[in-house]
Amino acid sequence: MNALQDVDWPALGPPLIAALAAVAVLLADLFLPPARKGLLGGLAVAGLVLAGLSLLPLRGADRATFCLAADPGLCSYRADEFALTVQLIVLGGALLAALLSLPETGPASRHPAAPHPASGKAAAGNGAAGKETPGTGAPKRDASGTGASGGAGEGSLPGGEFWFLLLCSACGATLLPAARDLATLVVALEITTLPAYALVGLRRRGPGPEAALKFFLTSVTATAVGLLGISFVYAGAGSLHLSEIAERLPDADPRLATLAEAGVVLTLAGFAFKTAAVPFHFWVPETYVGAPLPVAGYLSVVGKTAGLAGLVLVTTGAFPGYGGLWGPVLAVLAACTMTAGNAAALRTPAAAPDGVVRLLAWSSIGQAGYLLVPVAAAAYTAPGDALGALLGYALMYAVTNLGAFAVAAHLARRHGARRLADYAGLYARQPGTALALAFFLLCLAGLPPGLAGLFAKVAVLRSAVDAGLGPLAVVTALNVALALAYYLRWTALLFRPAPAGSPAPPRPVPPLAAATALCALAGAAFSVAPQLILGLAPGVLR
Amino acid sequence: MTDLLLRLGCVLAAFLVLPLLVGQAEHKVMAHMQGRLGPMQAGGFHGWAQLVADGVKFAQKEDIVPAAADRRVFRLAPAVALLPYLVVLVAIPLGPDELVGQSLDAGIFFVLAVLGVGVLGSLMAGWASANKYALLGALRTAAQLMAYELPLLLAAASVAMAAGTLSLPGVLDAFHWWWVPWQLVGAAVFFTAGLAELQRPPFDAPIAPEEIIFGAYTEYSGLRFALFLLAEYAGIVVLSALTAVLFLGGWHGPAAGRLGWLWMLLKTGALSFAVIWARVAWPRLRADQIQRFAWTALVPLALAQIALTGTLRVVTA
Amino acid sequence: MFPLSETTLRLLLIAVLALPLLGSGAALLPAPPGLRGAGGPERDVLRHGVTVTGAVLAAALLLAAGFDHGQPGRVQAETDVGWISALDVRLHLGVDGISLPLLVLTALLTFLCALHAYVRPPGGGDPRAFVALMLLLECGTLASFAVLDLLLFFLAFETVLVPMYFLIARWGGAQGTPAGRAAGEAPDAAGDPADPAADPGDSAEDPADSAGEGTPGRAAGGAAAAAWKFVLYTVLGSVVMLLGLLLLGLDGGTFDMVALAAAHGEGLSHTSQLLAVLAIGLGLAVKAPMWPLHSWLPDAHTAAPTTGSVLLAGVLLKMGTYGLVRIALPAAPEGMRTFAPYLGAFAVAGILYGALACLSLVREGAAGDLKRLIAYSSVGHMGFVLLGIATLTQTGVNGALFANIAHGLVTGLLFFLVGSLRERTGTTDLDRLAGAAGAALYGRSPRFGGLLAFAALASLGLPGLAGFWGELLAMLGAYQPAEGLSRPAYATFLALAALGTLLTAAYLLQVVRRVCMGEAGQQPLPDLHAPEYAAFSPLAALTVLAGLCPALLLDLTGPAVRGLLAGVAG
Amino acid sequence: MPDYFHGYAVVGLVLVVGVLFVACAFAAGRLLRPLAPTPEKLLPYECGVDPVGEGWAQTQVRYYLYAFLYVIFAVDSVFLFPWATIFAGDAFGGVTLAEMFAFLGFLAVGLLYAWKKGVLAWT
Amino acid sequence: MHLVYPVVLAALLFCTGLYGVLARRNAILVLMSVELMLAAVGLNLVAFDVWLRDELRSGQVFTLFLIALGAAEIGIGLAIVLLVHRERGTSAVDRLRELREPRGTPRPAPGEPGEHPTP
């Protein structure tokens, strides 16, 4: 018997290339002279593009690897349509986030003496002990409170670490949708989130560390809870492979039935956190506000998609027999999530500092609610259609949300306070940017001319109606209307005459402009041909 | 049952006797290397009972617990520092044919894991003393442990790779004489790292009396202090025995069937002698030198040893 | 009239839909050198609007001419291409006797609006955006009448939202609300961008709030608040409608309206028919607007600029009733039958409510706004349309469709006139306009006054004018409703609707009295000028034509309605 | 399986013996030693100087870095042990060797990184 | 050995950890509580693995991964806590309020000047 597994290297391409790029960036950071650190960003972007290109040869195929020698049907990695689509979203999202970050990552050499160690923040100067007294901390807090309280513009991000962490996280998120056993899944999830904590707190001044801490503590607790659930599931099923669990868990020892059910619920709770579902959503606005803007964009798209992919894998892949248990739970979660997110977004005042980021954060919670709808629907119907709707929506959301973040990052270069009011009159001054943002927002709202958003919402609603989830469909529909209010409010602001005396918007920088244009192009393409994103039929997950 | 009790008794006896032997040897060897005589009075012949007398003295001393100390932790610390060595002794084979306290499948793993607990004693002592020198010493101890634990693990892993087992008797069963040159680098790394973990000179910056009084043990007196000392010498014994088992063939030697235990003891003794010798021969390293040595010399060497082991093993297989 | 090949018709229909869309995009681009006129880019783009809408109108007229009038019940100019297979969405277009008149009406009204805008450039900002939005609006409305796929219908339904919102919020004025402005205020300030009250961003601070309490007393941010109200109401309605459409499509197995209509609800369970009609009906009732859901309409009309008002009343409201006839009636007949009496009740309530509200507005001292009054009258008129539909009879539904068109013509004309009136006098407030004595338009501006009186008479349903036939047929339908519907209830509806016509006549005559008559000797106002003639005369002419030859329209709708009602009647 | 637990049962027994030994020693010590506390005696001992301040003032966060490095590497090496026992199996051949070098490569990169970033240099 | 003992122990550990997470304000203690929870999960997995006689040893392998995860989490977590401590001088979770949602921006009451800007 051959104990060795045949490894299908091309199928592993996307995560592998991302990981290699991460290591390459790390090494390059060590040996590049300070003047040429700018190359790192290019290297990272190239790595992400390459990883994305490695998806091409996998199209249409259903390849699996890391299979058991004894049972070749049982694999830990499967590059099927679901996995490939999510990988596309993740890599594309990471690429866009990387473009957004390019202007913010400066040469790390500005403080040649200050080392940036592995975690990006652990270093303490030798005199650091003195800073721990509250006396010196207070004025700093005041400064950040009265000035631009956002993290924007307060010094550049350390290049090498930033790109390394971003690529690591992207690698994890790329691995996640292809994972077909719980161990791989959890490891991938953690590879996705662990660097994200560091990314959030990478800018040491300002609110970054606080945001990172809140994000970290809540996330880690959720992970622990989810892991407890997984251990129960393991007890019931005797395997960590999703398909084995799906087969064996319902037939588990009757004495373990309760344990298995508890395991299912706890596991779901753990993954629900990662998607920022209610009641695990409170960290989102604070984290987004504290994080550098590109990182917030990254979290809102890549982090969320990864969490969602995990949730889908667990629910439809491992617990299809427990649809009666998690279907209603997810339906309620979805309803609460979208309502909470949209209601809070609606309350965001236009003049408040960081209003833009807060609005985007709350709206992303609302959008997470819509994204949960098809997952809940998958409990009641053939999961293929529902997941198709999910993927389509996720693609649309990724493109348009990152587009909105791109414009926000552009404006934040001049308006550090990141107020909604700063957007007044943008159309008069930079029509292209304003039109792009309006398009993104209308897509997110689901109004024409944002047809991509409209049809994605239709697909989501359709999945709910198809599954017979009438009340959920109604709640979703009402939320769409609710969300429209704040999206349209922002859109209206763009076309309002520019207030006299307000500073002109900043000059466009190429990476941000490129990101905006990319998103706009993709959004337009999806609007003209929604079948591009809605024609996905991932089938039943195995 | 009797077999079990016998084994337990032997382990306990070895635990109580061997450290004393090493301690006495240190007194005498150091003295002679420094041109002194060392203890000569207690017991008559070359002061053989000096450590016994010390023990009696310690037992009669007042046991002071500082007012600001965390009393419970402070009192518990010496036991935590000492007991791991006793437990480890169980797994170290003395001779062939199950001449071992207890043969464990994951012996190497077990031994290294339990040894890691020992340092907790120092940390507890340093923390609970409410004394800044003690705390500083404890932190230095911790830093040192962390730096040297890694090469220790890697070197041990190299042996495990060579033998294809984690069981200590299993390692000895697989031993060939040419392992000694093959694993020489690993042996050096293991022994040096072990030395540093024991905070023995030249790696005794954590208890450097000239800088921080006596490190984590500053506030200790009486019996508890004696237990810390006992732990130190037990540590020497365990380290020497482990090095002998892992890298020098343990009981292997001429007439191993009958005299295996002797070879083992001899090798252990020789290594213990080297430990004492090192104390006399080298000046103390600074804390930063200690760290740099670990990360820039020992860890790469250990990695190189693993590479060598792995390559040779696969090539010859 | 003269037959065109099916391919030509198809291309014409596609052109009708695509031209405004392309024109909308083109409006945002700078004019190519060859098309630059002397008046600067603003005139250029407004001319562009006229050109495009004119072309659309021409195409629509050509389509109408080429339409096979012998078979109005058949869907003609049909295009059916797959689009989004995952959602089962097909680009299915086509016209029949029901949609053709609406299509032409839309093209006509939009063209007239564009013409009006060219003559009187809208104050309030960039005309490029104005034209682009207007064309987008046209595209959406035309599409909603031409598509034959449920989801496309929803798409078209939603398309009109954003342009209408911006038209109201940016180019609209807040002056219409009673007690809104001090007497001496300059009328031009209405659309001035510097005016904080007209500024959408201002009330954007809290849209929900302003939308929630957008009572007439609230002056500041009126336009924005009204626009919010319009959007929120409509979107709420349309998402609910989407649910109904999805239910219908999923249970019926297809999203194709023609197939669904042909099936007459077969394969749909009673429950899903009920739910579908309830959801779709709610959404459409908001748009129509049905009585309790109408409250966005007066504000929106009052605040909207002339173009907005005309299109809103003339076209957008029709989308609601059209949807009821086109989707709910044939596809879910059982559900429709269940809800028809309720629909009728609400319709009659709307008729009475609209009339009473108008009566109270027209009183002296009530500070009634003319635009607001017309808006309330629209509620009443649309009540007749809904009542016609609720009868589920051929007569009733035909009447409803006729009233639909008539209302578009007459109300469009009225809004144009009121807009012109405001340009002349600076206000639409009845009290300020007429005072105690009356505005005496007959004397000050005889042709203008005459036309206004004509429109008012048409609106009240004077026989011989367009408004008459629709209401008459709707009431006739109520006299003998479809089988299975409670006759006494409908008789009551009939009686109340008749009372409504009386009240309507009362307030419209009051309007004529206060606005057109009055003491002579006041300062004369400019009379109708050539562009206004051009804009108003087609509407007036069509009003007369429809009043004199109702058969022109009824022949078109009749056979088509027969096909749709087969499920209800059979 | 019983054997497995038996091995550790013996270990546990040894531990118990050890605890007993220590307990006996303390008990004996308590009988033998004097007890005469004075406030001065119970002060922290700083070579005769009265203590000032607390210990944490001198603590350097830098120690944390070593902990961090340790955690990274030690946890990595945990994976080494199970692998070490089987990697030379017949079926594997060069594959495990490649794996090993990948593993060592990662460790080396980490070390290189720490070194280049100046973590290992003590100013 | 009976399955109950390790599982009950794990449950106790987990509950202790959960209590710590919920009740402690110091971020470091919260972190330690989380580690306790992870340890409980690891114990659970190993116990179930042995009990199930899993041929793949999934539980134990997973536990190894968990150990690595826990270590990484602790590493990053401590780094963040130290950073916050240095910037703010506190590591009490409930004292970090800079990022809280701004509450109740005062709006001018009706009738106050400013609500109706007079042209």
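Every chain is named by a letter (A, B, C, D and E) in the order it is written, and numbering of its residues begins at 1.
Operating definition for what follows: a residue touches a chain if its C-beta (ideal position, glycine included) is under 8 Å from a C-beta of that chain, and two chains touch if they have at least 3 such contacts.
Everything numeric here is computed off the predicted structure, so don't read it as measured data.
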| item | value |
| --- | --- |
| Innermost chain by mean C-alpha position | A |
| Contact-richer chain pair (by C-beta pairs counted) among A-C and B-D | B-D |
| Length of the line joining the C-alpha centres of chain B and chain D, rounded to whole Å | 13 |
| Chain A and chain B: spacing of chain centres that average the CA atoms, whole Å | 50 |
| Distance between chain centroids, defined by C-alpha means - chain B, chain E (Å) | 38 |
| Separation of mean Cα positions, chain D and chain C [Å, integer] | 80 |
| Multi-chain contact sites of chain C, meaning residues that touch two or more partners | none |
| Set of chain A residues in contact with two or more other chains | 119, 122, 124, 128, 349, 351 |
| Chain A - residues contacting chain D, complex | 1-4, 23, 26-27, 30-31, 115-119, 122-124, 126, 128-129 |
| In the complex, chain A residues that touch chain C | 346, 349-351, 388-389, 392, 424, 427, 431, 435, 442, 446-449, 451, 454-455, 458-459, 461-462, 465-466, 470, 473-474, 477-478, 480-481, 484-486, 488-489, 491-493, 495-497, 530-531, 534-537 |
| In the complex, chain C residues that touch chain A | 28, 83-87, 89, 125, 129, 136, 140, 151, 154-155, 158-159, 161-162, 165-166, 169-170, 193-194, 199-201, 204-205, 207-208, 224, 228, 231-232, 235-236, 239-240, 242-243, 246-247, 250, 275 |
| Residues of chain E defined as touching chain D within the complex | 1, 50, 64, 67-68, 71-72, 74-75, 78-79, 82, 86 |
| Of chain D, residues touching chain A in the complex | 57-62, 64-65, 68, 72, 89, 91-92, 95, 109-110, 112-114, 116-119, 123 |
